[in-house]
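First chain written, first letter: the chains are A, B and C, and each begins at residue 1.
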Amino acid sequence: MKRPLKIVSVLLLSLLAMGFISTQAFAGGGSEEQIDTITFWFPGVVPRELDTVLDEVNSRIQADGIAAKVVFNFVPWADYQNKLRAMVAAGETYECHFDGDWGAIPTMAPQGAFLAIEDMLPKYAPHIWETVEKDKWEASKYGGHIIGIPWRWPKSERRSVQIRYDLYKKYGLKNFDTLNGDVFTLDDYEKFLDAMVKNEPAMIPSAVSQELVWISPFAYVGGYGSLNEQWNIVYKLDDPKLKLIDFETTDLYKDLTKRFRRWYLNGYFEKDVLAQQTSYKDLMITGKAASFVHIFDSENEMNMQIKPNHPDWEVKGHLLRVDLQGPLSPPMNNILLFNRNGAHPEKAMRFWEWMHLNQDNYDLVMYGIKGKHWEEGPNRAVVIPAPYTMADSPYYGWHGRWCAFWPELERPTVDDEPGWMEKVLKATYINDKLLPHVGFFPEISDVKNEIAQRSSLRQNVGRAIELGAVDPATAYNDYLAKQKAAGSEKILAELQKQLDSWLASK
Amino acid sequence: MQRPIRIFLNEMRRNHALYLMTIPGIVFFLLFNYLPMFGIIVVFKDFNYIDGFFRSSWVGFKNFGFFFNSTDAWTVTRNTIVLNSLFIFTSLILQIGFALLLNEISSRWFKQTTQSLMFFPYFISWIIVAVFTYNFFHSDHGALNRILRHFGIAPVSWLARAEYWTWFLTLIYDWKWTGFGVIIYLAALAGINEELYEAAQIDGAGKWTQISRISIPLIIPTAVVLTLLAIGRIMISDFGMIYGIIGDNSMLYRTTNVIDTYVYRALRQLGDIGMSAAAGLYQSVVGLVLVLGSNLLARRFSEEGALF
Amino acid sequence: MAVQQEIRLVPRILIYLVVGIFSVGCLMPFLLIISGSFTDEAEIITKGFAFIPNKVSYAPWVMIYHDIRRIINGYIITVTVTVAGTLLSLLVTAMLAYPLSVPTLKYRNYIAFFAFFTMIFYGGMVPWYIIVSRVLHLRNTIFALILPYTVNAWNMFLLRNFFRTIPKEIPESAKIDGAGELTIFTRLILPLAKPGLATVGLFVALGYWNDWWLGLMFIENHRLFPVQLLLRAIISNVQFLRSATASAVQSDASGILPAEGVKMATGLVTIGPIIFLYPFVQKYFIKGIIVGAVKG
């Protein structure tokens, strides 16, 4: 009996030791009575210097009268939504998390995950309450209640064609100044693509992002507003009743698929476009791709990453069809949400208020300790001290911080194009409006099966048609029939009903 | 005929030590597997966070609708079973084959080195494998097409032709798991009494006879156990593998869309717990039926290998 | 080891050839990974992978080096969890598997089915999370990284299979000599089952080593993150920055983010220590170099 006993006792001792270690490692907060721990959840990687910065933050907020200890937790992007759902379903008591309308909000909100904060805001966050524009608060509502604090950054969802401008000029194509009103169309884009196919055979003329929506963002080109890009449901912008239509039944869709089929056959897309794994960003930066279609903000991002290695290259964004109204990004694009079961939401709110009170507080939370983690450069810019770069700085750049962006407070980085902020503002004020349905989150449990099938069909059949990989002449009617058979009309009827009552209640 | 309670007590008296030994394991299963099974009720409910598991409303079989009403239900089920069957069958042959071959190698360093090398693919994550397969099969710059062009053969759009991918996935699966399985069969072979081989040698049996009459029969129980375990999970796919490699390339769905990837793609925007649990229940029930049937068959064929 | 009977030359060459070719085929991607982690990112994107990098870049390793302190911390957690978890798991699994291998145990098949059922039926991620986190209160403790994987039906059946190969005469004769079940188990069975224990032990250890799921679900304190979770966060981050959802204000990277190189480098960091450990475990299941196996 001796040896087994030895093994078992060693085991038990080591387990005990580990339990002890873990309690030490988990340096508990809350040892003083008044100070409550408030927890925020963000996606991405934990910044290396997070503890240093938060220690400073906590000592300052406590000195300013907020009896709280702030904790930031980070979850890898790939698992963020899973983790959120598990926590909310289990009734965890964290206070806030970051998300966007592209994330889990459309499904979590109807299921009751969020706290109504409109009564708390004037009391605990008066500065935020006053500063955030009224229409942004309206657009942050679900079921008539404000569920989070949105960002205040200008962003438009209008498509812009991001082109390697040095090549554009090289082949003598007509210059367009879309920021000042020149109308750039898909036909104009095709001229560039054609020039690329003829002159630069090694390059991919147009790189598509791996995202699942390619065609839906073009809805505004036909005068449509997109209710939900994943579901491919639209309405006519000039229709006050907002009658819902399946996007694939519109003439715009038919025209676009024919056009993109032509693009595929002409070689404007690469042959394996559906399998494309390499990010369009990498393709542009390494010079394998000549252009792509995305939002206007991509121009700055591309130039920031290209210039260091290729100073003679340049990417210029051409806003598509500025003569037509474009969709503004809804405020829920980046928002800080309050958990229904949060233990101390008012303290969390006070912290967020504290952060936005002045530039110093904002700087500390967003960029770290000045002099240690960042320096101030020309034009208020953030400079990361050597040996680190933006990509691997010890604190700057934590994900999820975008929900805190205020244009007056947010600093540019030293890599940003000078005057970039003004450019972006200009781009969004040309003919861009918030879509009339913003704030409408339907309760879909009655049609969830049909929506799942519709989504499935879109991915399995529709996407190949949209990217021109299959011939729409043969595949299109079949696709329409399949969607009908999968209950697309039932979805429209149910959503229309809810949309009508939502409109009526406004 | 003794009363059942008598039989039970007798058994306990005779073997109490052995039953006591099983208690810790049973407790762990209860805590981490059986307790969470209450969640299966969500299959029949319309779950929302406010009402939680116990107060959400019952909706009968509604959560199964998206799967069974779709035209793809049969295709993805078929793909799942076909792929998994190929995986089970080919890896069985390869793993036993290589284990037997390795056993016959006399050079110790060669045996050790090659066995370690065979195990390397296990450590390579599917994320990396996906990068390699993409680069290998790409129609323009992929290595395979480059080789074909070198020999004057017309390049093929591998990433758009679904018919090849049943085999490609099987090859990739075998590449990854053969080394892993070889270890199991090597360990099983290591447990065979040397004297059996010596006696056979004395009786004049050749190598092949020794292998087919001694080695193979004695590792068949292992093969049966592993195969039965695999059959129980034949409706469940390695999501990391298939979604990692295929991604959202719908050109390949015809042969590679399995139940797990189909459900994931259909539900990823919805995040409905009940619907994904419903698909899971379907997989579990069919798997259970299949394994119970296979187990009965196995009982006749190899009593030692049967699961229960 | 017994006298190895000589195989004829031609089959012998064939065997060495087949095994050799397959092993090299398994090795090659690994070489690509090593080379890829030192290759300039633009090279990888435009020209793909090569066994010898055309343009060398240390960027991925520099990125990892900047994180080295918490990677080491992650390793400490992972090693602790793996060692403790493997010991515990082997013990509990063996104690469950052995009785089920005894043919005279009346209810063994019921217990076997009880275990097997867990392989097929699953309550769902959320209920499992609720039990571990809210009912068992394991959240944010190191036990959350160990206990949920302690028993696993697949390992149990594999181990039972190995126990079954032990001749029944051995425990029987020991019982005649008056030994109790526990003594038989620890003194006779376990030593005889070394190949099986080594095999299952290896798989259990690898399971713990590779796991990031438990850390993801149950650990908030980033000082308790196992190394795999850290690496997953890094890769996932890099993939996000490369996606269309991350636009402009959100990416903030200057120069090329060595996305592919980082995937390769983190892959190596993952494998690293285990590769060195593996040869030690290997001797237990390669015939001819069994240490201490006693038969008959």
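Methods note: a contact is a pair of C-beta atoms (placed from the backbone, for glycine too) under 8 Å apart; a residue touches a chain by one contact, two chains touch by 3 or more.
Keep in mind that what you see is a predicted model, and the values were worked out from it rather than measured.
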| item | value |
| --- | --- |
| Neighbouring chains shared between chain A and chain B, ordered by label | C |
| Pair of chains joined by more contacts [C-beta pairs], B-C or A-C | B-C |
| Distance from chain C to chain A - Cα centre to Cα centre, in angstrom | 36 |
| Euclidean distance of C-alpha centroids - chain B vs chain C, Å | 16 |
| Multi-partner residues of chain B (at least 2 other chains) | 131, 273 |
| Numbers and ranges of chain A residues touching at least 2 other chains | 85, 89, 91, 210, 278 |
| Residues of chain C engaged with two or more neighbouring chains | 126, 130, 182 |
| Chain A partner contacts - residues on chain C that touch it in the complex | 41-42, 45-46, 62-63, 66-67, 69-70, 80, 84, 87-88, 91, 125-126, 129-130, 133-134, 140-143, 182-183, 186, 216-217, 220-225, 229, 232-234, 236-237, 239-240, 242-245, 247-257, 259 |
| Complex contacts: residues of chain A adjacent to chain B | 81, 85, 88-89, 91, 104, 106-108, 110-113, 210, 212, 230-231, 270-272, 274-275, 277-278, 340, 444-445, 448-453, 455-456, 459-461, 463-464, 469, 482, 485-486 |
| List of chain C residues in touch with chain B within their complex | 1-5, 7, 12, 15-16, 18-20, 22-27, 29-30, 32-33, 47-49, 92-93, 95-96, 98-100, 102, 104-107, 109-124, 126-128, 130-132, 135-136, 147-148, 150-151, 153-154, 156-158, 160-162, 164-165, 180-182, 185, 195-196, 198-199, 202, 206, 235, 260, 263-264, 267, 270-271, 274-275, 278-279, 282, 284-290, 293, 295-296 |
| Residues of chain B touching chain C in the complex | 7, 11, 15, 17-19, 21-22, 24-26, 28-29, 31-40, 42, 53, 98, 101-106, 108, 110-125, 127-129, 131-132, 135, 141-143, 175, 178-179, 183-184, 186-195, 197-198, 201, 207, 210, 218, 221-222, 225-226, 229, 232-233, 273, 276-277, 280, 284, 287-288, 291, 304-305, 307-308 |
| Complex interface listing, chain B residues touching chain A | 46-50, 52, 62-63, 65-66, 69-72, 130-131, 134, 138-140, 157, 159-160, 247-253, 257, 262, 265-273, 275 |
